[in-house]
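Look at the two complexes coming up: subunit A is in both, with subunit B in one and subunit C in the other.
Then we have the complex of A and B:
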């Protein structure tokens, strides 16, 4: 018991340190122990990290500068009506914090990240700045084929950057490693919805975010140990409501905001803040052409997301399903200000929830938000209403 | 342009648009099928070959703004839960639909029989048609245009597009109309497009003259109208552009400048390249802020959103589906930032511009994210003066006339100072 408590404390402290280290000490240390190793920074939401892993590289998710870095230069790059994340990215880059990165991957999730890839091409021509188009056509023979070719092209770029040729077997091995990663994360998510009092939202968040920067093998071990230890703790079950948080898939809310929600009486039993590592539900096949397997998985097992055209199911049906599966009583829409994908999605998702009489509330944030009082009151009132009166 | 003597091409365009909206209003009674689609990367020739009528929601939105109706429509959309932060074109369209879907000629626009989501150069399009899909009970077909992130069209991108057109878009149109795909008919339309494109490019290039016979932004948005919407691929468009070309050539011969809503423009004093869409809610007032100062726009990127033709691309009847793919992928907002910088810098040179001005609209992340960097790069490469103003497309709340006018005036002063060799930096 004492050991378990200590283990959890240590894991969370480590995750917290990684989260707060925007000098990316972990990346520098990795480079020291992997001479010649290359690091690729991946922007949200989903990057096929298997490709980088197979090329012997360290893929690292980058999610802006949070609330820790003062934006001095970044604001000169973007108008006031553009979200905060790209300013944070520019600030990190211009302040030298990203110097140890060798390349950057910009997945196709919105026009801001898309155009940020162009800014990178113009400003940092000596670094790989790669945009990755994701298919919006979900026929395996059409969109799947295109995406598999895009992945092959990306792999070639990674091979060039790392100077390492990637065999199909190597890529299949990496897929296998990430399958394990997906499974342990799923175990954590399951525990969250079963016994949320054991895995507080800020802790889970930090442990999952540690996977943004740690080598995947280390992260798998971290989650396993966390899970093993946390179930042994005697943490009291509180009279909290159970909520799903939706809309925070890209620019992240500050940690203080996540804590505020829980303190306001909400157990977060599911969220899309950490959707990157769960973007593909289940295992990716480790047989056949590995790029085709990754493309197929994206098309057939990709989760509902604002940046992916929804044609498979009725819009919002997946969110309703998530609410049911996670045993949630309501949804909190937390979206970054000026985030077109999240904010344009919301009315459709809200309609779907209304049709199933699932209560919701909504607010906006920025990654550097400093005041949580209003949100605390809003979340508290929402939590009370769904807990006491069912809506 | 009601206040001035209209040139024949203006009257012709008005007549063409009027007739199109009449056809739309009559479509349900006539049993004609209606397809909603977007301007960038539109497949108008293919639609025409199936004899269906296209509707472009962005055009409805901008026309609502010009008729001063967009404010109510946007309020309506915000009332039903749309965020203040998002693209106002979408909200204007949703609000207009909720308010009866009345078109610019006062007649109703029929419901779509098919939503053809030509998703080119803007993520908001995805959301927009997901939203429309909730409003209408009709099939949707999506055409995903890959982005030219590395400044090129790869064979894989092209193949992806052709495959989508062949295996998704064409079958959807066949199902809708009960007609088989007629490639010869498509080729005929593409040939007509090519002809009209030649003349349109001639008109846009005419701005190299001094004085420029056209304003390639405020006037330009009228010139691109038929080409970017329901008329590309028709004989009417060919005739329109031939007529426009003649008029422009005649103005060059007479040494005349552009015609503005207030009549012929006075002496040309400043030649500008403009990046970004215009404001539609105060369109005339906005134009006047330039024309009164003798500032003429000699090239603009907004007039390339529905196709970039001035670098040589023409629709090619010999490769019908491949050419549609190339056209879509080549549209302005589907181009990378380095390509956009390159294009603007080449305009500055080709059109002997005195300055580059960005009109940054709040609505449009596709255009706006990165514009400050684009501006600095173009300034650096060309040495011409850069200016920056902020407005919105169809939301009048973001058009502060005094502020915009002020900025334009100080920007033009800066050009003047640069010209007279003064080094003092006055930033617009």
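Then we have the complex of A and C:
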């Protein structure tokens, strides 16, 4: 019998190596084993990866340069009041680290990503640089129809890039594969809220981030193995507070910051750091027109996020619901500095929490932040206040 | 009866305390008894090794075994304590420990090896405000320890020697490097040890008084905790500095002030133990 501890150690080590590899060795290896295969880099927050998968491509989420690369060229493109992620993207591209990518998808999140897509078109004319519009109207007959058409146009672009015609059956198969992916991720999230001491925040984060670069089938197996092994471990249960982390859906916090929050006495029982793969809650229909099914799922099953304009529900109601479902005792708003969507939504979310007497604290970060002492003090004090002075 | 152990892992010493408290005694832990304390300096030893030694030491002093302890509560660098049940942030722990040692305490001056902070609190030890020294080490214990080493005296001797000083020499209160240069100059000028040390204490006390002033305290005692709490020279100088800054609060110390963080976390551990789920209690 394979030792569970060893399995978990190996999985996490592999995920850690993928996380730290900004040369994208996994992408290069995929291309070697898939001659002629195309790779599409997807910016946050949500990309319909099913389309790329059906076209025989490898969709890879790109989330900036993190805290590993010194930004020199990237800074020349953006004013000081712009977030860090696009600088990291430019730095990666200009330093040749993204040469193995054949195209890039820029989902509509904010003006910065929109402008980045323009910069990309000017600088890398030989690569596909596709801006993906998402609906602002959440009526299936209006926004849904628009988005289904947008998905069809995107699929045509992917077909041209890959040189592979995509049948409806092939797309339905890909939707099925991603449905499985969503289910195993949900299983991991469920374990996280039930027994957070078994799945430390940094470990879960790395395992989920591995899905940014791995083929989806491989990532499904990785999560399954991790789940199977981690429940066998004897990890100590601590008297920590249980918190939800919100606002980190695009530019990612450094790994050190995630560790800091847990070391400060907080079990992160839910977060939106890796929301990309969880953006559609539940299965997407595998019958009928697959583009319509994907569009419908986005409209009807898309999670609340500041990166999407939505008037489906009162702002913050879904966050309050998440807090309740995850059994959290408070919310930590961790947003990247200068992130317009996150920081503009934050007051509305905080008001919603206040109305339900859910405690919260807030701080900002950048992906290349190196000092966590102040955040540690803030998170630690927040955790103490929840446990000692909360209801 | 609930037995809890608090372990305060500092940068230069590890402190532990065992508290016995009654079930149902809430946050106040009325009737709680301090069973034992144990403190060891880390020096150049492995921190985890020292933590284990301190835990074993406090258990032995209390006549208890590990299985008797219901909750191990940490503060400071608590993640180094693998067997901890829960962790409490330094200010929360020091405020609680200070209230236990001196019930009239309404502010804490925690002077540790690497920083100093002033914490204001209410009558239940809830932290209501704080001020910390900046990154410079000139207000910290490590600085004082370095100076003591240069002057060839032990930390334990520093306080009493400082009280003998009658013409203290002014030392830079802004920068530890400048202050050390000042001290070297004083030695070469033949300034006596007591006057050098008193000058250093006054410089540190001035910084501490500025922190306390920003808390805008109404009344109550300011209890000195942390590694320098037993330095009588510093406490004396701080008393004088508060008067100079027009602060009415009384500065006190306690023989167990060094262990205030450990005591506080042990007390909070007792409170939390009663609120744990059965699963967590079993794991604890």
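The rule is simple: the second predicted complex is superposed on the first by the 388 of 391 C-alpha atoms of A that agree within 3 Å, B and C clash if a C-alpha of one lies under 4 Å from a C-alpha of the other, contacts with A are read in each partner's own complex, and residues count from 1 in each chain.
Here is the rule we use: a contact is a pair of C-beta atoms (placed from the backbone, for glycine too) under 8 Å apart; a residue touches a chain by one contact, two chains touch by 3 or more.
Computed from a predicted model, the values in this text were never measured in an experiment.
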{"item": "Joint occupancy of subunit A by subunit B and subunit C, clash or fit", "value": "fit"}
{"item": "First, second, both or neither for A:10, with subunit B first and subunit C second", "value": "neither"}
{"item": "Touching partner for A:263 - first (subunit B), second (subunit C), both, neither", "value": "second"}
{"item": "First (subunit B), second (subunit C), both or neither touched by A:150", "value": "first"}
{"item": "Subunit B versus subunit C as contact partner of A:356, first or second or both or neither", "value": "neither"}
{"item": "Touched partner set for A:194, first subunit B, second subunit C, both or neither", "value": "neither"}
{"item": "Subunit B or subunit C, by number of subunit A residues touched", "value": "B"}
{"item": "Partner chain(s) touched by A:217 [first = subunit B, second = subunit C, both, neither]", "value": "neither"}
{"item": "Partner chain in contact with A:384 - subunit B first, subunit C second, else both or neither", "value": "second"}
{"item": "Included angle at subunit A between vectors to subunit C and subunit B, based on C-alpha centres and rounded to the nearest 10 degrees", "value": "100"}
{"item": "Least C-alpha distance (whole Å) that remains between subunit C and subunit B when both complexes are overlaid", "value": "19"}
{"item": "Partner subunit B, residues of subunit A touching it in the complex", "value": "76-79, 81-82, 86, 106, 108-112, 114-119, 121-123, 130-131, 133, 135-137, 139, 141-143, 145-146, 149-150, 153, 306-307, 309-311, 315, 337-341, 343-348, 350-351, 364"}
{"item": "Subunit A-facing residues of subunit C, complex", "value": "27, 71, 79, 82-92, 126-127, 268, 271-272, 275-276, 279-280, 283-284"}
{"item": "In the complex, subunit B residues that touch subunit A", "value": "80-83, 85-87, 90, 117, 119, 122-124, 126-128, 130-131, 133-134, 140, 142, 144, 146-147, 149-150, 154, 156-157, 159-160, 163-164, 167-168, 336-338, 340-341, 360, 362, 365-366, 368-373, 377, 390"}
{"item": "Subunit A residues touching subunit C - in the complex, by the definition given at the top", "value": "236-240, 263-265, 377, 380-381, 383-384, 387-389"}
